[in-house]
Amino acid sequence: MPDGAQPVLDVRGLKTVFKIRGGEVHAVNDVSFDLKPGELLGVVGESGSGKSVTMMSLLGLLPTPPADVRGGTVMFDGQDLLKVDAETLRATRGGKIGFVFQDPMTSLNPVYNVGMQIMEPLRKHMGMSKRAAAVRAKELLELVGIPDADQRLKDYPHQFSGGMRQRVMIAIALACDPKVLIADEPTTALDVTIQAQILELMKDLQDRLGMAVIWITHDLGVVAGIADRVVVMYGGQIVEQAPTRELFKNPQHPYTRALLKTVPRVTGTRDDRLEIIEGQPPILGAQPTACPFRDRCDVALDRCARENPPRYDVGNGHDAACFFDARTGGPRDV
Amino acid sequence: MTDQSIDTRDSDVARNQWWDVWDQFKTHKGAVMGAGFFIFIVLAVYVGPYIWSIDPTYIDVRARNQGPTWAHPFGTDQLGRDMLARMMAGGQTSISVGLTAMALALFLGTLVGVLAGYFKRIDGLLMRLTDLFLALPLLPLLLVMVMLFRQPLSSSFGPETGIFILIVTAIGITSWMPTARIVRGDVLALKEREFVLAARSIGTRPGRMILRHVLPNVMSPIMVSATLGIATAIITESALSFLGLGFPPDFPTWGRLLFDATDFMQQHPERVMWPGLAISLTVLSVNYMGDGLRDALDPRIRGL
Amino acid sequence: DGHEGERGRDGQLNIIYWQAPSTLNPYLSGGTKEVESASLVLESLGRFDNTGALQPWLAAEIPTVENGGVSEDLTSITWTLKEGIMWSDGSALTAADAVFTWEYCTAEGGGCAQVSYFDGVESVEAVDDLTIKITFDAPKPFPYTALVGSESPIIQAAQFAECMGAAAPTCVDANFGPIGTGPFVVDDFKANDVIQFSANENFRTAGQPAFSTVLFKGGGDAAAAARSVLETGEFDYAWNLQIDPTVLADMESAGLGTVVTGFGTSVERLHLNQFNPDAALGDDRSTAAAGAHPFLTDPIVGEALSRAIDRELLVEIGYGAGGKATCNVLPAPAVYASTANDACLTQDIALANQLLDDAGHMDTDGDGIREYNGTPMNVLYQTSTNAVRQDSQALIKQWWSEIGVGAELRNIDASVFFGGDPSSPDTFQKFYADIEMYTNNFAGVDPEAYMANWKCDDIPSPESQWQGANIQRFCDPAYDALVDQLATTAGIEARAEIVKQQNDMLMQSYSIIPLVHRGGVSAHANTLGGIEISDWDSELWNIATWYRMGE
Amino acid sequence: MHFPIHTGLFRRHTGDVKAVDGVSFDIFEGETLGLVGESGCGKSTCGRAVLRLYDITDGSILIDGEEIGDVPQKDLRTKRPTMQMVFQDPQASLNPRMTVQAIIQEPLDEHTSMSKAEKRDKVLDLMDQVGLNRKFAQRYPHAFSGGQRQRIGIARALALNPKFIVCDEPIAALDVSIQAQVVNLLEDLQKEFGLTYLFISHDLSMVRHIATRVAVMYLGKIVELAPREALYADPLHPYTKALLSAVPEPDPDLHDTMDRTILTGDVPSPSNPPKGCNFCTRCPAVMDICHQQDPEYREVLPGRFVACHHYANVTTEAASAAASEASDTQSLSNTNTKTN
Amino acid sequence: MLTYTFRRLLTAIPTLILISLIIFLLLDLAPGDPTASLPLTIPPEVREQIRQSLGMGEPVHIRYLLWLKQMIWSEPLFYLSESIGWIDAPDEARLISWQTRAPVLDTVFERLPQTLMVVGLAYVVGVLIALPIGIISAYKQYSVFDQAGTFVSMIGFSIPPFFSGVLMIILFTVMMPKDSFWWFPSIYDTTLVIDSWEAFGKQVRQMVLPVMVLALQTTAQISRFMRASMLDNLNQDYVRTARAKGMTESVVVLKHVLRNSMIPVVTVIALGIPAIFGGAIITEQIFKVNGIGQLLIVSIQGSDVPMVQTLTFIFAVLIVFFNLIADILYGILDPRIRYD
């Protein structure tokens, strides 16, 4: 993947707020990232860090109200997706950008058969006839590795196991040959062996179809195996971004470092005690004016309570939002 | 998670919870207005007669069929009885019927629902019983019951109490089934919830299990049934009056007053208006109250 | 104004009876609605007009002793049919049909509702095709019962031949569509709903009926029926409009229709229990074994109760045009009406108080209720459940409270109250109360049987399964003697004397307090002509001569 | 543990969901037995059956040498204090309408006759032990984070000083950064009170961290049981191998060098398991006999039990060691011998 | 599905027999007498004869068994022989009404069309109005439309039909000039034969008022259910999926959400059908529709036990039948439900 290629998707300064009774939740704050063609971008972060909200904001999939996308630009195909008219947006959704959701159990409509659900975007975006759509749907099912595709098209979601349902979701997302596929924790609800199957399938598909993928997960192991580049989110912000290898070798943000340490492994030496990150994730009640991680940070500086650190470039396509410079072991001088 | 300092020394759990409920309830505008109006109505019909002390049965033949005047703000009926006093007397009956019948139906429904949902052995039996009651045609049954027991009851409890008991029972035992079904469904689902399993692993006895874990968690459907129940009971009573099987004609209830007044709709439109408004607004306020209460009783919504 | 003309010239007539007829065979159901709807089709030998006078109908003339139609010993009557009367199917009406009718109603197991019209009939014979001879087992001073009036019309032998006795219900087609001699024939009958009639092509009078079809609709309530005639004009005639008089008057003022009343013998009255109904007496209460009532046997008390009532007001509030204040249990026909008791027509509370004071029944304990020889004068006052009755109860209770008599009100569902179930404690016959209120009357114009209600041996008792018409338990040998005398006296004048005497005797005992002489209230469209509403017969007795007025 | 299936016009009993089928194992005092396997393989059912939260279909359960497999539920109440459970979903396992105080106090209400004040003190002590702020005693569960909620659940389980706790996926619903907190707490408590755990999880890395011995389940049966080190270093059963290799490795270098066994196909339904070995439909090393015959579950190496035809001819050096151990230490066994 | 339906039908039989027994016993206990409504001028002996001729003298169990036999054997056989010539009509007497002395079922069948027409149409109209209201109120939750919808449906729910019916009559029949388009008859003409467009127009006009009154109630209730069900579904994940596929809002709402939301609502609708037959009694009375509701009232007032018994039984059959329909519809709409 050429480093300087024009990104297919370029997100700048995205802000999303939820209005709730008695206040607001600032779920996404000033998030910027880009996605190069053919690249697989991993997004990690703990639960509630704003991963899903970010992705759904891109395509206007959040219910408004309560959600409100306050600002930023999402450049895709030369257009700002936050400003285009409803028709263009719909054509983009499903047509040019595919979306796979976290929970395969509930993301399919239980009362329609799988074939119909796969054919729906085909007929809408590609203007296919019923027959053509059916043929393509069968191909798609075979593509995602569901045997006996002809038969299974007539089945209903409840007749599929979780792993197969997730494959169906992927088939739907891939239906119209999208340029970008956004997968929101597609394997979290699945077992390790099934997860391994899906990961394998994804890598294979990406190689064959050459699309760009955003893969959201909170499992660092998954990211390590599949992503080209990783974005780490915390408290509604991107706190670190780097090519995968670089990130695991050389984590810059204290949160990333802590995260890497807490995870036990099945191989290698076994620690007697697990590392932990003390404290709780922040409540995103208002526009942050300080570093969201400072309460749980072991290298917090005075400055962290006053200012929200910007993302500093540390070379190798790697940046981190921290006033503490891990390489020098002291405050960053700006 | 902010550390609000909460006094842990001896804070009374129950009061604490109801306090929260109230705080949440307050945020629901419709519910507060509904509750306010309902309290107003209840006060008006129960306390009102002490202030407006005209006897609702007192006949003033000279003052028959009057429109609203200072002496009779709601006018008078065809015998010259004061409509305001009759509205208050009628409201006492209607609201009591509504509340009691609802309470009875809820009690039966919850009892059957909880027992059926909780004890697998009697589930089949109780559900067949519920089906049976559901398949009994209600209005006819009600009519037959009223026909059947009106006399014995009014002779042993007096005509008014007798018929009150009868109507409340009739409405109550013919309308508990939906509640039972809903509650059973919820209990079955609850039984699969881990906290019930947790309580079992502790060795909690069935009685306490039901009181502590099951009942509080089926509160919301019960609350909704309750608010609908009051409304249905008031309306059913008036339908019975219409069919000539409710309270005797000389005994005012809102339904009865409304029914009597429909004949006079053209001559004295205000006479249908009072009971009509009273019934509608009561039902409306109770429903809004129910909405708010359902939210308020749910700690998850409360906590947001 | 279109009075004359050919048959069927006036199109459709719409009648609404808010209680719908359940059958058209009056012998199977004695209800007014069934009898009156059937009267469009079925006719009898004679009918009573709106004055209560007997008119020959199918008979050529009314038989009397004078014209030899009634035997001197009053044990037989011979009717002659008009010539040439045909059933609507074209066959001829003969005396055999009359004989059949008698056999039909008296057959075993048929449950004939009108069998009392044939009481004392020993035989009905067809002397020839047009002559019918009815023989009685004893002298019958008033022989115009069998086959007279709307309640015992002649049915066609050919149609009902297979329907005798227990087979009666199997003849649904016949019961729902009897063939008759009347002005209309049944086209379609829907039980408890609607009947469609059309003009009888074989009707004996040319140019009658004026209407080609009749729609006879049932269902709803009295107010709606009144509205449909008086306010919306959807119907031409509505029956039994027992609704608030002011509302009815208001509706009438819309100008579409007119309210008419026919007075018969119905009287709303209070019965004062002459036996003790004290619940403590258990099964003995209200029977001879219970002994006399503690105070209601005293005519002074009865008189006070009666004078405290403002009958005019009761009429005004509950009955309007459908009622007249009365002081007689037998207010009509005019020849029988006594005037001896009319003082009670004006309310006089002062006098009522005076009567009780003078008799020494004072309120001794200051609770507002007088004591009668130590017994507080509290009464249990019951009636059937009905809005007007409850209003009357409330009013009367208030008036009585003004003379120191306390009343506890009670109302009982009509089906129970009048149901006559011997096991129910709440029937009007059992009379487990001090006072009860309802309406009674007699059918036809002759009061003999009615006045015999108050004989000593007609008191309901457990022995007689509580059957018996002497509801207030009045007993006076002198009265019984009058009853016997009436049974052997012929001639209207002489009979009227006795009847008035009986009436006054009852009134002065104050065991029965008449309140309102009730009439049938009906309404008809202003475009409808020829209506002469009769309470002695079917209201629709002369429907053949009704017509639509020209604009 | 079989769940019956009824079908047809007359609701005949036509089959069973063999959720747990012929499972045998011992747990020694003070140890942690890890139980791993895919979702739906019967781990929870097994854990619950051990505590007799379900009535077992067949087999025996000994606690402290005492048989509780066939004791009626009523009489079990007195046994409850020794054995407790921590549940998978900390949100679902706490009654949303009870305060923390009431939740932790409930076992005390049921089994002790302490006064109100004593109970309150005990509850506050327990809260200290599991690291919950005492101030939160009157709050409702929804006001806590997942990790805190799990602590409440643990405090409740500890209230009666049990010897044995079944932890049914206590960390599955928690965030990575919180999981470690709970696991550390469980380890601390084990050290402090000498607790015995049955630790159910599908997270192999966490089991590796906490368990002394590990049992691997597949479709209602234990396919392998071995001491931790041995299992992770040298898994015997093909399923265990596949399972271990499917765990994503959070190190890109290692990840790329690992040679992985990716299974194909889905887990068969427990109501209709395949003939022969349950794993035969997905096994990469399947043999003909696997489709015919159910392999025997037996000790193939000291302390290592496997149910696989590949080890059919490995001679056993008698399982006597384990058996004798079981008799003198506290042992718990769940034997469900019904095999159809 | 088929066995399920069959099973349900089988279990319905004992239920219905039990219901009929209960109704019969209740009616037998009820006071009241078929001769009570006759004029007082009819003497007691005659009344007694009438009672005897109605078969009231027989003991209850004889009458019940006779009724049961007639109901499930003779009457169906009779109708069968009516429609196909080659079966002989049974010899037994038919079930006779005490009031009309005519076969009970003939009267019932005579009444059914008008009830079905008015009540059925009202229900259909009510549902058709309710569904869009429910959908829009849910889709635009808390909008003005929603608030107004809530308010109006509560009013509709709380106004008894005897009031709204009379109000309609006064507005549309009394106050409206008779030649106006907006004038509607207040009295339903059951004799109208629809043989021309004019008659059809008349029929439509005479149905307007009763249908409006009945539909108001139906609308009020169903729209509430619809709204709640829509709200439940609008937040489901699959809705988001549909949007992410680029579907238009109308497809999302009307195709994806609606069908799911209809599942519980269909049950409510199906179960409401028998209830409206009973509930329409008052409306029938007001507009003189004279359907089965009115028949029931008249029969109760006239103590016509065979008629009341049969009608209540028919209601029970209807309820059981529509229950079954509801369950089957449920299965058709929701593929997740499998009945075996």
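Should a chain be cited, it is by its letter among A, B, C, D and E, assigned in written order, with residues numbered from 1 in that chain.
Operating definition for what follows: contacts are C-beta pairs under 8 Å (C-beta built on N, C-alpha and C of every residue); 3 or more make two chains touch, one makes a residue touch a chain.
Note that the structure is a prediction, hence the values are computed from the model and not measured.
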Contact distance in steps, from chain B to chain E: 1
Each chain counted as touching chain A and chain B at once: D, E
Chain whose average C-alpha position is farthest from chain D's own: C
Comparison of A-D and B-C (more C-beta pairs in contact): A-D
Rounded Å distance between chain A and chain E, as computed from the means of their C-alpha atoms: 55
CA centroid of chain A to CA centroid of chain C, Å: 91
Euclidean distance of C-alpha centroids - chain C vs chain E, Å: 38
Chain B and chain D: spacing of chain centres that average the CA atoms, whole Å: 49
Chain A, residues touching no fewer than two other chains: 280
Chain E, residues touching no fewer than two other chains: 31-32, 174
Shared-contact residues (touching 2 or more other chains) in chain C: 413, 415-416, 424, 426
Residues on chain D engaged by chain B in the complex (per definition of touch): 48, 51, 53, 76-78, 80-81, 83-85, 87-89, 92-99, 101-102, 106-107, 109-111, 133-140, 142-145, 148, 153, 156, 160
Chain E - residues contacting chain A, complex: 235-238, 240-248, 256, 259-260, 263, 333-336
Residue ranges of chain B touching chain E (in the complex, touch as defined): 128, 131-132, 134-141, 143-145, 147-148, 151, 231, 234-235, 238-239, 242-243, 255, 258-259, 262, 265-266, 272, 276, 279-280, 282-284, 287
Chain B to chain C touching residues, read off their complex: 57-59, 61, 64-65, 78-79, 147, 150-151, 154-155, 159, 244-245, 248-250, 260, 262-264, 266-267
Chain C contact footprint on chain E (complex, rising order): 31-33, 35-47, 49-54, 93, 96-97, 99-103, 106-107, 110-111, 169, 173-174, 178, 185-187, 189-191, 284-290, 294-295, 298, 301-303
